[in-house]
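Presented below are the structures under discussion, each in the form of structure tokens.
Common to both upcoming complexes is chain A, partnered first by chain B, then by chain C.
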Partner chain A sequence: MKQNRKGNSLSRAFVALMGSEKRQSITIPLFAICLSLIAGAVLMMILGKDPIIGYKSLLQGCGLLMKKNYAGGKGLLTDFMSYLDIWTPMIFAALAVAVAYKAGLFNIGVSGQMLIGGFIASITVGYSDLPAVIAKPLVIVICMVIGALAGSFIGLLKYKFNINEVVSAIMLNYIFQYIISFFILTFFVNPITRQSNPVGENARLTLQNVQIAGMKTVIPLGFVLAIIAVVVMHYFINHTRIGFELKAVGANKKAATYAGVNANKNIMLAMAISGALAGLAGATYYLGYLSSIQPKVLASTGFDSIAVCLLGNSNPIGIVASSFLVTIISKGSMYMNSSVGLPQEIASLITGLMLLFAACGVYIRARPKRTKDRLDQQDRLEAAERKDSASEEGKEDDR
Partner chain B sequence: MSEYIVEMRHVTKRFPGIVANDDVSLGIKKGEIFALLGENGAGKSTLMSILFGMYEPDEGEVYVRGKKVEHFSPNHATAMNIGMVHQHFKLVSNYTVTENIILGMEPQKRLGGFLPVVDIKNTNQKIADLSKKFRLEVEPTKKIEDLNVSMQQRVEILKMLYREAEILIFDEPTAVLTPQEIEFLLDIIREMRRNGKTIILITHKLEEIKQVADRCAILNRGKVVGICDVAETSTKKMAELMVGREVSFTQEKSPFRPGEVKLTVDHLVVKNADGFPVVNDVSFSVRGGEIFAIAGVAGNGQVEIADAVAGLTKVSSGTITLGGKEITDAAVRARNRQGLAYIPEDRQSWGLILDFTLSENLLLRRYDQEPYCVKGVLHREKFDEKSRQLIEQFDIRSGQGEKTVVRSMSGGNQQKAIVAREIDQDAPCIIFVQPTRGLDIGAIENIHRQILEERAKGKAILLVSLELDEIMSLADTIGVIYNGQLLKIAPADTMSTNEVGQYMMGVKE
Partner chain C sequence: MSDIIVNGMSFSLPLFIIAVGGIYSERSGVTNLALEGFLGAGAFFGAVFTALTAGMFAATSQLPMYLSMVVAMAGGALYAVIHAVLCIKFKANQVISGVVVNILAMALTDFLTSQINAGVLGQSSDKFVLNVSTRLTFQPLASLPVIGGFFTNVYPFEFIIIAVAVVAWYAMYKTRFGMRLRACGDNPYAVDAAGCNVARIQFIAVMVSGALSGLGGMCFAYSVFGNFSTSIYTGYGYLAIAAMIFGNWKIPATLGACLLFGFARAAGYSLIQYLGLPGAYSDLIMILPYVLTLLLLMFFSKNNRAPRALGEIYDKGKR
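Showing the complex of A and B:
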């Protein structure tokens, strides 16, 4: 038993680190993140760069760390505000995935719902002359309604015809993508950028070219909305009757039916809420961060949000943390590329690894338990072997 | 080398919050039928799962043929000629009998000298021979889905014999069988002993042990409380050891005083997905203070009747009336609120949400009512308060009280939770489907007592059970179902067990 001592203290540290089963919903994603950051660091070293400088450049690119020098009229705040600008749609999109996931549904159509919401809002309000106080709220409402309709259509197909939501969502993504491309290219195309005509400043949810403390910056109004959405969804899922029913349908549809819950109604509802949140993501993406729509392209935010949601344990608060991190990596990679010379793809690679490690959660979850059981057993045996109170105290201190 | 073929020394196995096996030591001799008797959650299945390699003991040692077991896995157990028939069969339903038996160790031959293919033909013959030797008549080329439960069990037994198992573990083998089938199975077990096999029988049915077993170990809360020679020990003594107190086999039943009709089912027809009528023109009514029991072999439509009354299955034609109001097309919740409680057959897929906490499950019928939910907002503290009361009242045991995730609870306590939830609603009509399936004597006694208490309160009770004993001891009126039709409805005291059994087999018209 003595020769295991060193391995034991490592195992003990591991168990202590992972904590109790309740805490593991936080420690396991953290563990996954650490592993993937280490893997990313190794990769940077292989490419001959200093990983500390590499990671620092990610933070600098997001305005979380001072850069060495800034171009005229720009500063830390500029970077940080534009970071918030791209973080916002990610929060909405990940919340959309989470709500559906709680009801046992996999909404892979977030990108499509973002696009259709953003497109309809662009052509109705975005190209109009409505005053900003009316146009901005109207954009939000239109995107939510259109997103909710698109989402509940998937729910309808699921319960009326028993079509798997993943299949119909992927197909709808294609349909939205190409039909909208057709309309953009036929009616709304900007001949120079080959994208849709930019929407007016009146409808835009991100205020452009604002001067704060002598720095030119943007103000993403949608961010406030995103934080409100997080709080509302957290409350909705955990403390309301409808949230309880959604979770019941997701956890066991049969037992939910037995309890008197209308499972079909809840499938529709979950997809409608999910779609509405996706619509909000579309609003803050196409009429906030961007001002136009690139034809034939779906926003990667919609797909990355699945990873973000899983990493955040499909918990609204967890999603804030995980989307914060994933957005740093994706947004900061541009600056990392230009300043350190590391390929931008490393960002996607690290995000991919995070998802991979997070998906291994079941294994990681089982591991500390098994190790703990083994250690507990050893402790008991040792305690039995030498009934020495002093050694007992020593072990207490270990904990 | 000891006289035992299997020996367990000081085996302890813990699960979160529960010690499943606590310092268990026992020895099993070669060529005997050794029974393991104990309440649900007493640790019988866990102990045998250790022997079969599915769990590793936390402490203690296991010896097979005098050799210490070092590696715990079903593969190692099979290599040591240990076989196990699980309570829930592990068969591929669209494979044939032979294909299931050889799965994982397919005999190969070379087609044209090089192409490896599975040698089905010869194996079919081998399995036919094997089944003849042990009098386990099965058609090797039949598909599992076309066989009934008893035949499927024979396939499981053949699977062990084909793998040359010498030590055979049976986990609750008679739970799903009719009385006649049980007789037959016990014969098979005796036949295997004659062939020199060692048999371990996990059960909580005393009369079976009395009939076949040589020796018997009794477990109570994870501990061995006695190992006895079956021939020299009385059933009563064994039952006492098992439960840890005196048990009464016959329940005190108050005199039958039927009230007014509470539930009426009239010309009910329920069709399955293929349009085949699984319930065919069934009519009956249940009065207050009456236990109406539906007896029948599994799969004859009794569960569908219960589901139709509870609103979980669509009714093709006919009507269902509850307390004077027709509920044929009412929603599940509407029926529940109108006074219908339902203890479903499959507690894990219908009755509980396994990943929810005990408290959430106990309030599954009421979470949307005040004071648990006010204006759409849940009040968790009220959930917990109510749950603690029910846990106390119905003696539901779990690792962490009302916060326990139901998945981690034992089957008996899961059932207690459902019974507690349904009885607590004080509904005038209660449906019990297989309420004691897989439970031990102590728990069965407890649930039977509760059913009779509800009867005494004037509730109308519809009981669906596959256990004839249960029906005979509880029912006031018995309806026997065969092929979706109620062949006979009669007061319980006018029919003998034998008669009911004959109707169940469809022999008597």
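Showing the complex of A and C:
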């Protein structure tokens, strides 16, 4: 009996912690994050390193904590700006996954859409002599259009030919990867780096070597765009009719069709928007953070963005928070490796675990409710029992 | 010509056994996009086994290869438990679970490979090098004109795969368990009403799927790559899914699809060699199976009939 009470108080604490169903959209991702960070800490301890120092070095690598010493002309701002630089494509990519997910689609082709957008913008505008004022907006437009085309092609295959979007997106990822690798190696290769020739400074969305307060730093122009995109997508999903239709199709396609929503049109639209956002991610990645394309490699941003989207509950505001965290882990892992000596692979492992725990969300969501129901019932029974024993005082308890 | 047959068969058969794994899982009603992760995890376990026991066998012994395939099957089944628990016990979205399992497999095996290399074997490397597999040539069949290629330079694992595939076919179509498994994919509630444990059948199906994918992954590691590293994740798992859909979730038809993929790829490579084109052109050949998949799916997926309850989360109380 005593054992049971102790278990009860634990369950009660669990229910109180996870909160009501409304609060759970925040508490469940937090729960997943905490679990994976603890798992990461255990791993670091197994490898014989202090996890606090390990996690601290992640923050230091991103310019969120002061390092012990800096090389000349560099400082906290340098690290922080380059952190913003790599954070930007992650926000776009996660938004791309989220929009598709709202419509019940799973866009795993973000990496491929990033690549084809970035490649076409590189060879058209990146290698031209256009003035920066024209070149930079042109890069953004081209990437969006190409990404949207690639995305809506997946949507077309989905509703015209009934092909699972995950399979077709993966096939397209490989097709883009190899075709672009062929073109780069045959026409645009830089003989020294074995990558594509770097794009001109006029087309790059990140300003290089800017001096601020005596520190050399980069300025990611795309970051402003990313914040705008977050606000626009938030408004679009929650406050417009088209956004509502998208969500209706995602929640129940049959019911939405019955209510007069054109499901096929919405599938195409969601994939086009998703592709355009992925294209923006490609622009800020290949013509911002980087300046060239490595053949036969897909950006891991596209796959990490799935984790970001799931953690952020596919909500644009949530995505800002979750991408902030995931980017710290992936970007900071380089400094963690060099300063603490922990292997860099640990970062992708922590992200993978986060994804795993986030995928258990449905179960975790059902759990507090069930526990709460059980506790409520138990309370009622106990109250009834007490009443019984009070009224039947004197009689022997036959249990 | 004989080259095309040799390379085509050694690519098609591992792909086929992975696809059979996919069929097991999907016919039981559990969507399986996790084949890629299963094959990588299985091959990882097999490769770790060979790396750790390397000193115990003679250098030319073929025994470790056969043992590693058994280990790979066990490891694949073990890793598949994650997908099974997520989908069946935790009732997670099966598509998401599959993708998560793949990403986790990549991160986990990458991390463990370098850790085991550094910690146990004392070398810094991100791969396990495997022994070269022997290849068998059967005279006088090999000197027959066209079909001689089927008996030249055959990997021993091809026979293992054929044997396992026959057993898998028999178990699915001729046994009571197989019938129940297929019924789970179409109407789990009827299976439940007949007094069977749906969750247990699905759990076993996913684990079988992991075991078969592990075997296929190990064969790929021996034939295509010659080592285990994260380069094993080149989308063959997804290719197997495409073959399965193209084969209409039936084992014999899926074999046809896999042979088509394998021979298209082998023919492409032979063509490049024959024309003497530079290496970059092999990238164009690499896309052949993928393009073929998309085209074939476009023509055939309309008429396909997926298992009726595929991807539905089975809830006993819903009936």
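Side notes on the structure shown:
Definition applied: the second predicted complex is superposed on the first by the 367 of 399 C-alpha atoms of A that agree within 3 Å, B and C clash if a C-alpha of one lies under 4 Å from a C-alpha of the other, contacts with A are read in each partner's own complex, and residues count from 1 in each chain.
FYI, a contact is a pair of C-beta atoms (placed from the backbone, for glycine too) under 8 Å apart; a residue touches a chain by one contact, two chains touch by 3 or more.
As the structure is a prediction and not an experimental result, all values here were calculated from the model.
The wider contact with chain A, measured as residues touched, comes from C rather than the other of chain B and chain C. Look at A:360: by the touch rule set out above, it reaches chain C but stays clear of chain B. Looking at the shared chain after the overlay, A:215 reaches neither chain B nor chain C. Judged by the touch definition given at the top, the superposed model places A:185 against chain C, while chain B stays out of reach. When the two complexes are overlaid on their common chain A, residue A:175 makes contact with chain C while staying clear of chain B. Contacts of A:346 after superposition: chain C is touched, whereas chain B is not reached. By the document's definition of touching, of the two partners only chain C reaches A:106; chain B does not. In the overlay built on the shared chain, the residue A:306 is in contact with chain C alone; chain B does not reach it.
Shared interface residues of chain A, touching chain B in one complex and chain C in the other, do not exist. The residues of chain A lying in touch with chain B in their complex are 239-242, 244, 247-248, 251-252, 254-262, 373, 377, 380. Those residues of chain C whose C-beta lies close enough to touch chain A in the complex are 33, 82, 86, 89-93, 95-97, 99-100, 103-104, 106-108, 110-111, 114-115, 234-235, 238, 241-242, 245, 278, 280-281, 283-284, 286-287, 290-291, 293-294, 297-298, 301-302, 304. On chain B, the positions that touch chain A within their shared complex are 14, 58-59, 310, 312, 331-333, 336, 342, 344, 349-356, 360, 364-365, 367-368, 373, 376-378, 380. The part of chain A that touches chain C in the complex is made up of residues 47, 106, 108, 157, 161-164, 166-168, 170-175, 178-179, 181-182, 185-186, 296, 303, 306-307, 310, 343, 345-346, 348-349, 351-353, 355-356, 359-363, 366.
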